[in-house]
């Protein structure tokens, strides 16, 4: 077992102890998404304002009259986190310019799940990124509408069984390929796009810190394991996040000013996707043929990504 | 001295908003609001107004962005119309629940379908219950004055609610007419900087937009309702202050030759002045008629309305919107319900007029008043009719 | 109160004319309105615009159905649009055309006061463009006489900047060269 | 459940329903959700802190002696720490 591969054994102790997202939140046992939020807050630090979309993270953290947030935080609606964040950014900019607030640099962050980013929130996000606001947007992708009861989204992977694309006698569940959201963000020509997963906490923290330093729009797509929605044991959350990377289903990479770079955490040789599928109830119904079809696609998508790294090197 | 100039009303509204030391505006273009957006962006581009102008990709994002910016403590403005307002609909009750003093200009326009770009009130009426203070302008001068007053009302510590100013699309927005801008110094004195009750700033982290279950939601709704009901006091005080400084008086319900009139006509928005001409004509013929103009739509001015109509025998309510399958126009049903328990109350009938930009002329008003004079009271009481619709 | 209806094509500046006229009238202390016909017309389509000018506050906000004056910016509209529709019996028709007012009267079978001026020709000569909207303001002011031509100076300068003088010269020429048939 | 705190009546609702107390969710103790608890064997523990970093609750803390332990007021018993512990120093034990 290679659980500490590419991982400085004692590095966790170097991470700031300050928690800006407190215990007492109501996320499910073993929630990968809430872990990602916790780590993101550590990386961002206290000079941050977060605009959150409706979703699990909003519900578990902000039941009136209490809050799990220790940074300024606003929730307005489902589809508009990026637009709210862009307004927060513009407001702070104006007030700072006019000397009505202190001069400190405040990072504005928008956050949403896969639905709030890739489906209903795509327009607002595209607009905010295109306008070039100084903000980071983080998509916490758990591959379905978990907050409303595990309905499919455009982030749901091929073959997964959800409550609105269920596996049945004549269906193997989701029949579409997952939308390549990071690529859509790359197409906006923003300075920084990265994929990350809290199973690689130091990589994730480093990417958030990098995005924080960028004076302009940046985007992080964070893969977030959902034991409830995926019907996987809660203790396997970190392990599954590692497997999705090791199989190449969700490769870790960065795109800085258009240049692709595969993250150091990626293995030289990918594991078969079967290893990742076997502990998840949402894939249990899949037969050999479907798994083979998906494996082919994963391989070709990963090759495409490697090609982008190569091509862009040549282009340089 | 304030200078009297000829200007298109939409541009005048942008100028007035520019006088209010706004920090941020987010606007998405839509006819007939677009001249407000364009001119405001010009003022900012020329450095005449020091504010961030966010060119959002939809009205939904316009409202979202001003909510976010207002959350930081900034003074914000947006403007829209028709479909844009419908797209914002989801966010309006959120803005009021968050008690953010956003000011919005609405260039009132008919809603689709079919698509129609011209004036009526079918865009604002579905927003009635969103918790926004809603005020109607009758002419360009009022559009200017109300837009400036709106910030003062919205930001007052006893109010803290968003305010929308209704400016009839085209009929007002595209009209070049005489307007007078208040002197900047007096505006500065009238409108001090915003003092937010909470801000999105790391100096004092707060959570805005927490969610609430059945254990708190009803208390929150009651609190919001009390806030908007209570806002009338401040609105009246602000109007009083305005009259003192600038000499122009505003009231929730305004009357014209209404005293002692047997028949009263009630209008909202830009129809009011045309209706005055009709009243003048009929008065000259010796008819006992008068006009009531409803300026304040939310909070609804119950006392003032009762006072204005208590002596009339017949009240004609005009509506520029329809409540399909309902009791007629939305203004009509509100007024009926407001007067239900009054011992002395007029017979009320309703004419729906001016839909989708259909011109409203003096003869329309004289026509409907003459009809009501002649008809048997019982026959037309409590009825509504689409005035002037071809049959 | 004087009510004027302007006929033109989208892009010919009828709306600019009513704006300039209203701004100028208000500038000299009068009351005025200027507004377009509210429609989706695009460049080239026949359009109308409206002016109201009075010495006291103008209350009415409906359309203009019985104008005192009709201004036709583009004579090719004659025959396509009923330009004299609703024109008051003692009303005035002003047409941008090199033709004589008598010819226009005959064409339209119209017996009221008619005035013509070759505004396009003047505009081409003075400004180098065949856009007659501002030029025709000169013709209108000659016919209604409610204010001096100088009243236009400020609003034209504000609108046109360095080419304002050319507009004002063209306006003046139209004012002087207009031919009238009562 | 924690007992209901102020505000109570509609008059006490904070303006704009704003929550002014950051981190006040910690008054709610999620420890009651737990069916099993992590138990550390400090003999095996190498003090690496992996349990700390992977805890979704952020409820694992390092003591002065360098060993780690979970705050049982919040630990939901997910078992991530036990599964991720490299030297297998954490075991999950049934509650009750």
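For reference, chains read A, B, C and D in written order, and residue numbers begin at 1 within each chain.
As a working rule, contacts are C-beta pairs under 8 Å (C-beta built on N, C-alpha and C of every residue); 3 or more make two chains touch, one makes a residue touch a chain.
In this text, all values refer to a predicted model and were calculated from it rather than measured experimentally.
If you average the CA atoms of chain B and of chain C, the two centres end up 35 Å from each other. If each chain is reduced to the centroid of its CA atoms, chain A and chain B end up 43 Å from each other. Each chain gets one centre point, the mean of its Cα atoms, and the points for chain A and chain C are 63 Å apart. Each chain gets one centre point, the mean of its Cα atoms, and the points for chain A and chain D are 23 Å apart. Within chain B, contacts with two or more other chains are made by residues 98, 205-210, 212, 216, 220.
Residue positions of chain D touching 2 or more other chains, listed in rising order: 7, 17, 19, 22. An unclassified topology is adopted by the chain contact network, corresponding to no line, ring, star or complete arrangement.
Shown are all chain pairs that touch, namely A-B, A-D, B-C, B-D. The touching residues of chain D, counted against chain A in their complex, run 5-7, 14, 17, 19, 21-30, 33, 46-50, 52-59, 62, 71, 73-74, 76-80, 82-84, 86, 92. Those residues of chain C that touch chain B in the shared complex are 18-19, 22-27, 31-36, 38, 40, 58-63, 65, 155.
Against chain C, in their complex, chain B makes its touches with residues 4-8, 117-119, 170-171, 174-178, 270-271, 273-274, 276-277, 357, 359-362. Residues of chain A that touch chain B in their complex: 46-49, 51, 58-59, 62-67, 69-77, 79-80, 83-95, 97-98, 100-102, 104, 106, 123-124, 126-128, 130-131.
Interface of chain A with chain D (complex): residues 3-4, 9-13, 15, 19, 21-27, 29-32, 34-35, 38-39, 61-71, 198, 201, 227, 233-239.
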